[in-house]
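Structures follow.
Next come two complexes, and both contain chain A; in the first it sits with chain B, in the second with chain C.
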Partner chain A sequence: MVDAPPARRTGRARDTAGIGVARAVTFVSPALVLIGLFLVFPALWTIYIGITDYTLTGTASVAPKIVGLGNFVEALDDALFGNALWLTLVFVLGSAVIGQNFLGFALAWLLRGARPALRRVVESLVLMSWILPSVVVAYLWIALLDRDGGTLGALIGSPGTAWLVEYPMASLVVFNTWRGTAFSMLLYSSALAAVPPSQLETARSVGASGWQTVRDVVFPHIRGHVLTNTLLISLWTANDFGPFLLTAGGPNHASETLPVFIYQQAVPSGRLGYAAAVSVLLLLVNLVVSAVYLLLLRKRS
Partner chain B sequence: MTPRQVARRLAYTAFMAVVLAFFAVPMLWLASAPFDSDPGLGLRWPDWTLTNWQVTFEHPYALSSLVNSVVLCVVATAVTTVFATLAAYTLSRVRIPGRDALLYVLLLLSSVVTGTAAMVPIFVMMFQLGLTNSQYATGLVIAGGLLPAAIFILKDFVDSVPRSYEESARVFGASPTQVLLHVVLPVARPGIATILVWAFVQAWGNFLLPFLLMRDVSSQPAAVLLRTLRDEGGSANLTVIPVFSLLYAIPVVALYLFVSKRYGFRFHGGIKA
Partner chain C sequence: MAGIELAGVSTVYPNGVRAVDALDLTVADGEFFALLGPSGCGKTTLLRTIAGLEQASSGSVSIGGADVTRLEPGVRKVAMVFQDYALFPHMTVSENIAYPLRVRRAPKPERAETAARTAAGLGLAGLLERRPAQLSGGQQQRVALARAMAMSAEVLLLDEPLSNLDARLRLEARTFLKRLQRDLGLTTVFVTHDQAEALAMADRIAVMSEGRIRQLGSPRDVFQRPADTFVANFIGSTPMNLLPAQVRNGRVEVAGAHLDPGGPHPDAPVTVGIRPEYLHEAPEGITGTVSIVENLGVTSLVTLECPQDVTVGLTVPEHEEPPVGSVLTVAPRPGRLLLYDSDTGQLT
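Moving on, here comes the complex of A and B:
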């Protein structure tokens, strides 16, 4: 390489591996090009499409007009959007912030001292529910919750309840707790390993109950982990397309979270401009959640 | 044992039993229904048969969709792993102003934008470029979403490789490419293996992007075909669905067993508070 030596000379202090500017650019750019094309550009383009009346078919699909904030105003007025926003909130609070967080912590905490065999079996099952493909998992739960001959109905001895139709949101919350607890369990297990054993020993010797130990000894050590975990699982859950596979938003919009709503507006209804505007609103909610998290994290240190 | 301890012990056992049942019961269907002569949605001891397997293998799209999945997955996994390794190595060794902030912004963007929020523009872009129904293009889109997190995790691994290794290799006249191939890669192998497995599982299970971008049934991967088996004629095709679900799940389960046996499945301080 002709240009490598001068680059190395100017940047010697910062470039111990001798990569050189030309090679550095060659190494980094393939990744940056893909990220730019399929992540940054779509994010910006969503905003642009959101201010047009772009549709999948018809005249507006050929020559979309700019309608300014019209789509946003319409969304804020749309009862179905309000419904989707509310259901997303219920979904995130119920299955991520409460369900996965608490079950994940409880498992990490209780499995510390468990027999290795029990621990291995429980962890394997929890992890399996996390890594199985989402379409397969959806069928497993459709089979579990079906009205005629579903496993749950048979187990509790009251067949005839169509869980996904009668209690769609409750089903989704339980389903997503099952689906995502593994991440919280893994994260809290590695966080708990960092709590000094001597402090746990002290807590036990003064007769603290399990709950007191968790609150006064463990929690201060893992507060940062709790925040990180809650942020990540909240963002993932808010953007999760899983509800579509179980209920497709039904019956009659009763389980239509924002991602499902966006899909229904964009593809079956073909209202691309409106769907993009709703995506932007979803992005804004995500950003607000992240900002609150960063503030809390800064306050801590 | 005091009564209190007995109560505690009982509560612990009950909790573990409930957790085990909660996580295991939904999965049992995947073990029984594929081998049952009259597969239903409920769980029962199967009336053993392999006819379902024969019917599935004769399904016009079942096996070819698994091949499509492999192609899509190999493209996404290979691109993610190779590009992320190159980028992570460079970003770890060459100090670029604002590098950490850039990485954080990209990571945040990837966890927020991937899939649902970018659904409309990605669909429109690929549609206008005529790249729908292409496994390669869909694989690249998936890789674009996975790269920020992959770079972020890998950079952590490469940061922990001592620089003195590379310096001594340089002293003995190795070229930077040789240093990367023969010094850095072997040391960073656990990190690269992590990314490889993670990208594979993500791409293999991804439903939304292929669902949006692959409208033609002969080019659809297993995730999308499995979904359409249910919509065909309104009711579920219960002969094919269980067998096909199992076939489609096997690679991920095998990978999990391999990883947990070889490395143990836990976080190694990669996620910091």
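Moving on, here comes the complex of A and C:
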């Protein structure tokens, strides 16, 4: 046996930055206070409200009672909650996992070899849809999809189609794909830049098709980026309140994703306790999704 | 099998750089051909133009008699090995080698069989299940070669395949590559900026500069009779002596000495080219004072300070180095003195 080097007792008080533990704590404390105030406290508060029958008006608004898991049990039984969960899934799969992901990758892949001028124009256009404020964008889309005098109706010569009423989920999926593709495009652009050109050219010189090149050469290099991107856009989309601005969840709950459902329960219906419980359920869904992605990421790397 | 023919090929990059300039070149079937030249002279571009990775802006490229100027790289039957080997890091050695077959959708057993056979031929038999990151530089180079061979292409293009290897391994790989090429009889174009490598391996050499071929010939030709002062400067492990001189009455006046031009020559100002290896001590010739002695291994390079501010280098065998400060008279071996036009730099 070789003697192990004397183990240095570093433990908790390890001072890697070399500025003294007291000073380090002082430096991070403002951030910790802010995080506690605006993130941790509201989350805990939501969980607390979720186990009460708190409402906006009436006796329960003055003296809410603890009802335990009652709200959660009710939600799992509520057909509207099930509907919202399902629509959220459709929204996330359609507009984020498939829409933004594929469109973003396709744009990045096609723009790779394009002339710099063309590339800049397309990138600016795509970015524009991302940085515009939601309210502005929603108004533009309502103008585009309106039944009478809508731009789309005029363009394809089908006036009288109320897109947001007749195809609310499809409209939302297209809208959110358009709205969020910029992030995926930018992320994939920089990921693609890290694929060694000689490997792409090797594939090309052995006669690999575009699809074979993506599958065999590009994808293995950017797998981590794909997972990270999919995780981020999935979470953002699941929690996105944008649909409310376009359809307000209607018609008749046909486009009521979970954030819209929560809002409808909390404000118009005034059932704060129930809405908080559903928020907690949404949080749990987010956690599960994140855990699955992280597991995948760890497994392949 | 297939030779390569380039006729008036120019390759211009989008930014206007004319990297290959109206170049004519014929590489015979089965020939081992080296492209040699300083950095940025267009060697890689020329190779990529043959492979089809760059499109010739004008002129035509033929392989095996068929015009391939407008064809995609994948159908040209050309295999290219890149300087960084471009092995796919996520595939095993076996999968890397068999990748050209996978692209063609060959069945799995055939792929494994081809990979195993090719690998065995290149001394990679035990490494089939490893990843490229678990291989040495020399092994990676052989995997890249094996993958190129698995394409069963007729033309092999190598872009500085040895430059990532250390000096010792490079010598081994040189011999190995040369034997492999001879056994397979593949038409091979080999890019290098190491002139020793080109001299040692190639059947013929093209020396390039600024997108054009300055000289094309056997290693012996290029070494012994560089066509101009550029090539003379570039070829040789020790730089050639290029001295200002004057031909007068059939004699070359250089650095205060009168040498025999080795043939009739009109009176004119010239540049004299003599390789350090071809100079030796003589009773008559250029006289100078030894200023520096550099050890090159078996030989030493001696620098002489001669009249008219001329310095002359010559090599002497080990243990025969003259002391610094001594005076030496040297003359070229008969027939080894080259005269270049002092204006155009062309061999006269």
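Methods note: the second predicted complex is superposed on the first by the 276 of 301 C-alpha atoms of A that agree within 3 Å, B and C clash if a C-alpha of one lies under 4 Å from a C-alpha of the other, contacts with A are read in each partner's own complex, and residues count from 1 in each chain.
One rule holds in what follows: a residue touches a chain if its C-beta (ideal position, glycine included) is under 8 Å from a C-beta of that chain, and two chains touch if they have at least 3 such contacts.
This one's a predicted model, so the numbers in the text were calculated from it and none came from an experiment.
Asks: Please determine, from the superposition on chain A, whether chain B and chain C clash or fit.
Replies: Overlaying the two complexes on chain A (C-alpha atoms) leaves chain C and chain B fitting together cleanly.
Asks: In this superposition, which partner touches a larger number of chain A residues, chain B or chain C?
Replies: B
Asks: Report for A:Val28: first if it touches chain B alone, second if chain C alone, otherwise both or neither.
Replies: first
Asks: Figure out whether A:Leu186 sits in contact with chain B (first) or chain C (second), or with both, or with neither.
Replies: Once the two structures are laid over each other on A, A:Leu186 reaches chain B alone.
Asks: So in the superposed three-chain picture, is A:Met128 touching just chain B, just chain C, both, or none of them (first/second/both/neither)?
Replies: first
Asks: Applying the document's definition of touch, where does A:Thr202 land relative to chain B and chain C: first, second, both, or neither?
Replies: So A:Thr202 only meets chain C here.
Asks: In the superposed arrangement, which partner chain does A:Thr59 touch: chain B (first), chain C (second), both, or neither?
Replies: Neither: A:Thr59 stays clear of chain B and chain C.
Asks: Output check: A:Asn286 vs chain B and chain C. Expected answer is one of first, second, both, neither. What do you get?
Replies: In the superposition, A:Asn286 contacts chain B only.
Asks: Going by the contact rule set out at the top, does A:Ser269 touch chain B (first), chain C (second), both, or neither?
Replies: neither
Asks: Contacts for A:Asp216 in the overlay, against chain B (first) and chain C (second): which applies, first, second, both or neither?
Replies: Only chain C; A:Asp216 stays clear of chain B.
Asks: Please give the nearest C-alpha separation between chain B and chain C in the three-chain superposition, to the whole Å.
Replies: It is 7 Å, taken between the nearest C-alpha atoms.
Asks: Kindly list the residues of chain A that each of chain B and chain C touches, one partner per complex.
Replies: Looking at chain A, the two contact sets are disjoint.
Asks: Which residues, counting only chain C, touch chain A once they are in their complex?
Replies: 51-53, 72-75, 78-80, 82-86, 88-91, 99-100, 102-104, 147, 151
Asks: Hey, which residues of chain A end up touching chain B in the complex?
Replies: Against chain B, the touching part of chain A is residues 4, 11, 14-20, 23-24, 27-28, 30-32, 34-35, 37-43, 45-46, 49, 54, 103, 106-107, 110, 114, 118, 121-129, 131-137, 139-144, 146, 148-151, 153-155, 178, 186-187, 189-191, 222-225, 227-228, 232, 235-236, 239-241, 245, 258-259, 262-263, 266-267, 272, 275-276, 279, 282-283, 286-287, 290.
Asks: State the interface residues of chain B toward chain A in the complex, per the touch definition above.
Replies: Counting only chain B, the residues touching chain A are 12, 15-16, 19-20, 22-30, 33, 40-43, 79, 83-84, 86-87, 89-91, 93-95, 106, 108-125, 140-141, 143-145, 147-148, 151, 163, 166-167, 170, 176-177, 179-180, 184, 201, 204-205, 207-208, 212, 222-223, 226-227, 230, 236, 241-242, 245, 248-249, 252-253, 256, 260, 265-269, 271-273.
Asks: Hey, which residues of chain A end up touching chain C in the complex?
Replies: Residues 196, 198-199, 201-209, 212, 216-217, 220-221.
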